[in-house]
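Notes to accompany the following structure.
Think of it as A, B and C in the order they're written, each chain with its own count starting at 1.
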Amino acid sequence: MANPTPLTPQGYLLARTRWHPLEIAFWLATLLPFILFPNYLSLASQIAITALFALSLDIILGYAGVVSLGHAAFFGIGAYSAGLFSKYVWGEPFSGLLVAAALAGLLGYGTSFIISRFRHLPLIMITLGLGLLAHEVANSAHWLTGGSDGLQGVRTDPIFGLFRFDLYGKTAYAYSLAVLFIVFLCARRLINSPFGLALRGIRENWNRMPAIGADSRAHIRKAYTIAAVIAGICGALLTQTTNSASLESISFQRSADVLVMLVLGGAGRLYGGLIGAAIFMIARDQFSGIAPQFWYFWIGVLLVAVVMFLPNGILGGLSAIVARWRRK
Amino acid sequence: MLPPIFGVLFDGIAYGMLLFVLSVGLSVTLGLMNFVNLAHCAFAMLGGYVTVTLVNIFGWPFLATLPVSFIAAAVTSVVLERVLYRRLYRASDLDQVLLTIGLAFISVSVAAYIFGTIQQPIATPAALRGSIDFFGLGLGKYRLFLIAVALLVTLAMVIGLEYTRFGAQVRASVDNQRMARGLGIDVDWTFASTFALGSGLAGLGGSLAIEIVGLDPNFSFTYLVYVLIVVSVGGLGSIAGSFAAAMLIGISDIAGKYYVPELGAFLIYLVMVVVLMWKPAGLFGKR
Amino acid sequence: MSAIDTSASAGLALSTRGLSRSFGSLVVARDIELNLPVGARYALIGPNGAGKTTLINLMTGMLAPNSGQIVLGGQDITALSPQARVKLGLARTFQINSLFAHLNPLEAVTLAVCERRGISPRFWQNIAVNKDAIEEAYDILVRLKLGDVAYQPTRELPYGRQRLLEIALALATKPKVLLLDEPAAGVPQEESGDIFEVVASLSNDLTLLFIEHDMHVVFRFATHIIVLVGGAVFTEGSPAQIAADPGVREVYLGKRHHG
């Protein structure tokens, strides 16, 4: 630290919430695809959406330590509600986003009363069960969702009535990136808030929390609801930028994929999910020629390797290297 | 003439028996080490492919392949246990989930690479084909065989756990690991062998399952969901719980698909969520 | 069960009436009657397995009693959740460190202060704007001689410092009654004095009950000693009475024989 005078405790905590130059560089770099890869903006848009989804999982998993195998349920709710909203009400994107966020949040709030009662294996099971339940509902409600054919007739109006969603994904990426950045700012604030500190406390030591007067379950209910809202926004973004919603958006595969991305990047680090999502999506795009089952072979190998050799993900590994280098 | 509900019940019981053989090993190992093994059905799938290979390529009789699939799954599981699993006994749930999901992913890919993504055909012995007429109800011979095998497995497990020295060690380790260690029980060894037996049973279940539900590379995940539901509904470490839960899930699934096919698998997920909300530790769980 | 006689509990910070708990046939607490007057410095002693920690778990709500009542400042708290009891002023520390390994002491104590002040639900606010809460946390750390390590991750602190952080976390809840479960457990004898100096320097309004094995420490800091054996109160009295009690000797010598 450059400051020669000892920090006050308040100054210390304030300094920890300040923007690091690397963070600013990261966000500037997200603008590069507009210039460097204009043919890949659709992919970039998908990455931004997936990164936001990974961020929403990070809030409950990385910070509060709540492992969920059914997070796609909220993504799917958001995807379908945005699609249905554009089909039956109107196609203005921002209102669609808000409706999707509200519905996903409502569902998240409702189920948070269930999941906050569980820990460990029963928690994993109940999130898996709720996720599969949501998938089955979407599958069997063919009249509403189109079932396995996907939702037809989604149409999204130009943003502000000006910017049409073009074939190259330019508008889509700008839109997704803007939403990602705004929600990221909110998430960053949440992590640096008293509430964020309480979530870290829950992750670090669930048993101690009641002994310092904390109602962990209330905290978890709130975090789960917030994560559901964000996941709903992601689903809505995907629907609006692709003009379709399918069962894939609510599948177990999506829940598992987002977990892989977050863990690969490093959970509990805010940027871990973003970086993990980017690597995962780019790799999948590069290897799109190979059959999906072989793609998952490498995902499997990667998971085993990360658990065995890189328990804190890429960012955790990097920060360990930096720490070792500084100490020398 | 018995009404069709008995036929549904019969199929449900047979299916439940299959789920029991597939899942009981996971229940015991979970109860013993609290290890979340999402690769359990990969061992079942391995057993299934061993049987398919021996029958279709080497011309073995179906029944003779069953012990081989048991041993193959058991041996593979012990190798993985020694190399990977044991390092994560004290790790978080998340790490265990990630490692074993990774192994399940790998198993799917390897199976697809070797055998392709198609459903595997299997020739069961002539004696197990067709059905027996029971008051106008056609009871499938294979399903009767399945029920018999599952009951034998249950009997063997109950006897093995209740009346042998090994069983006493397993029960002591499940009940209180620290005390078991204090009594000089080699808990690590106990766990490794229980793990092998449980995985072997899964391998046996995988072989038995081919005739009923088919076999393709997605078996690792498709049946993982059922197995996890059985285990968590029944309660960890409880054989009786697994048995009851397997019956409950088997019968509800078959009955649901028969009477309200549009609901699909909805019913069993609902059963699970409701049971867990009512009893978070499962029907027979202690914790 | 009759209503609580509040007049009888006047001047009492914490009391239990007929507190019992068993696991199957194993009785871990048997009809325990305990009265802690305001400002007490009481010690709870007894051989291993006497149920000392169990008693703290019962009083703080981490374990539910089979029967009996717990009264804090005249209020029946038997049915309240552990966190609700903390909010009413009943705090504890743990025999085995129960800390937040990856938080530093400032963050951990600030967390406890924020919980008490009811600001931890605020997810929209930068934590650093809560100047009062942060300074209160820091003051507690300084008071417990942890000021110089306030920014170091907890898991990197020396063990003795971690024991002090245990106490700091409990103090951050502004307790009226503090239950200390072997505050110097595992600390070398020459350092355990430091920890008890800190304990002794706590405000006189604070009611203290501590579990401790070292009899020198107990006789030095306690004004009253409760002896627990087999889940029941064996005897209680002033340090001098307990020191002279042949029964207590018996219990401890007996323990040594078996141990």
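Going forward, contacts are C-beta pairs under 8 Å (C-beta built on N, C-alpha and C of every residue); 3 or more make two chains touch, one makes a residue touch a chain.
Small disclaimer: the values here were computed from a predicted structure and weren't measured.
Asker: Select the category (line, ring, star, complete, other) that matches the graph of chains linked by touching.
Answerer: Basically the chains just string along in a line.
Asker: Closest chain to the overall C-alpha centroid, by per-chain C-alpha centroid: which is it?
Answerer: A
Asker: What whole-number Å value describes the gap between the mean CA coordinates of subunit A and subunit B?
Answerer: Whole-Å distance between the two chain centres: 34.
Asker: With centres defined as the mean C-alpha position, give me the subunit A-subunit C separation in Å.
Answerer: So the centre of subunit A lies 41 Å away from the centre of subunit C.
Asker: Distance from the CA centroid of subunit B to that of subunit C, rounded to the nearest Å?
Answerer: 47
Asker: Residues of subunit A touching 2+ other chains?
Answerer: Nothing qualifies.
Asker: How about subunit C: which of its residues touch subunit A in the complex?
Answerer: 60-62, 81-83, 86-87, 91-92, 94, 98-103, 106-108, 110-112, 114-116, 119-128, 130-131, 133-135, 137-138, 150-151, 169-170, 172-173
Asker: Quick check on the complex: what are the subunit A residues that touch subunit B?
Answerer: Going by the criterion above, the answer is residues 61, 67, 69, 114, 117-118, 120-122, 124-126, 128-130, 132-133, 136-137, 139-140, 252, 256, 259-260, 263, 267, 291, 293-294, 296-297, 299-304, 306-308, 311.
Asker: Give every residue of subunit B touching subunit A within the complex, in rising order.
Answerer: Its residues touching subunit A are 30, 34, 36, 84, 87-88, 91, 93-95, 97-99, 101-110, 112-113, 117, 217, 221, 225, 228-229, 232, 236, 262-266, 269-270, 272-273, 276-277, 280-282.
Asker: Provide the residue numbers of subunit A that touch subunit C in the complex, in ascending order.
Answerer: On the subunit A side, the touching residues are 9-10, 12-14, 17, 189-190, 192-198, 200-201, 204-205, 207-215, 218-219, 222, 226.
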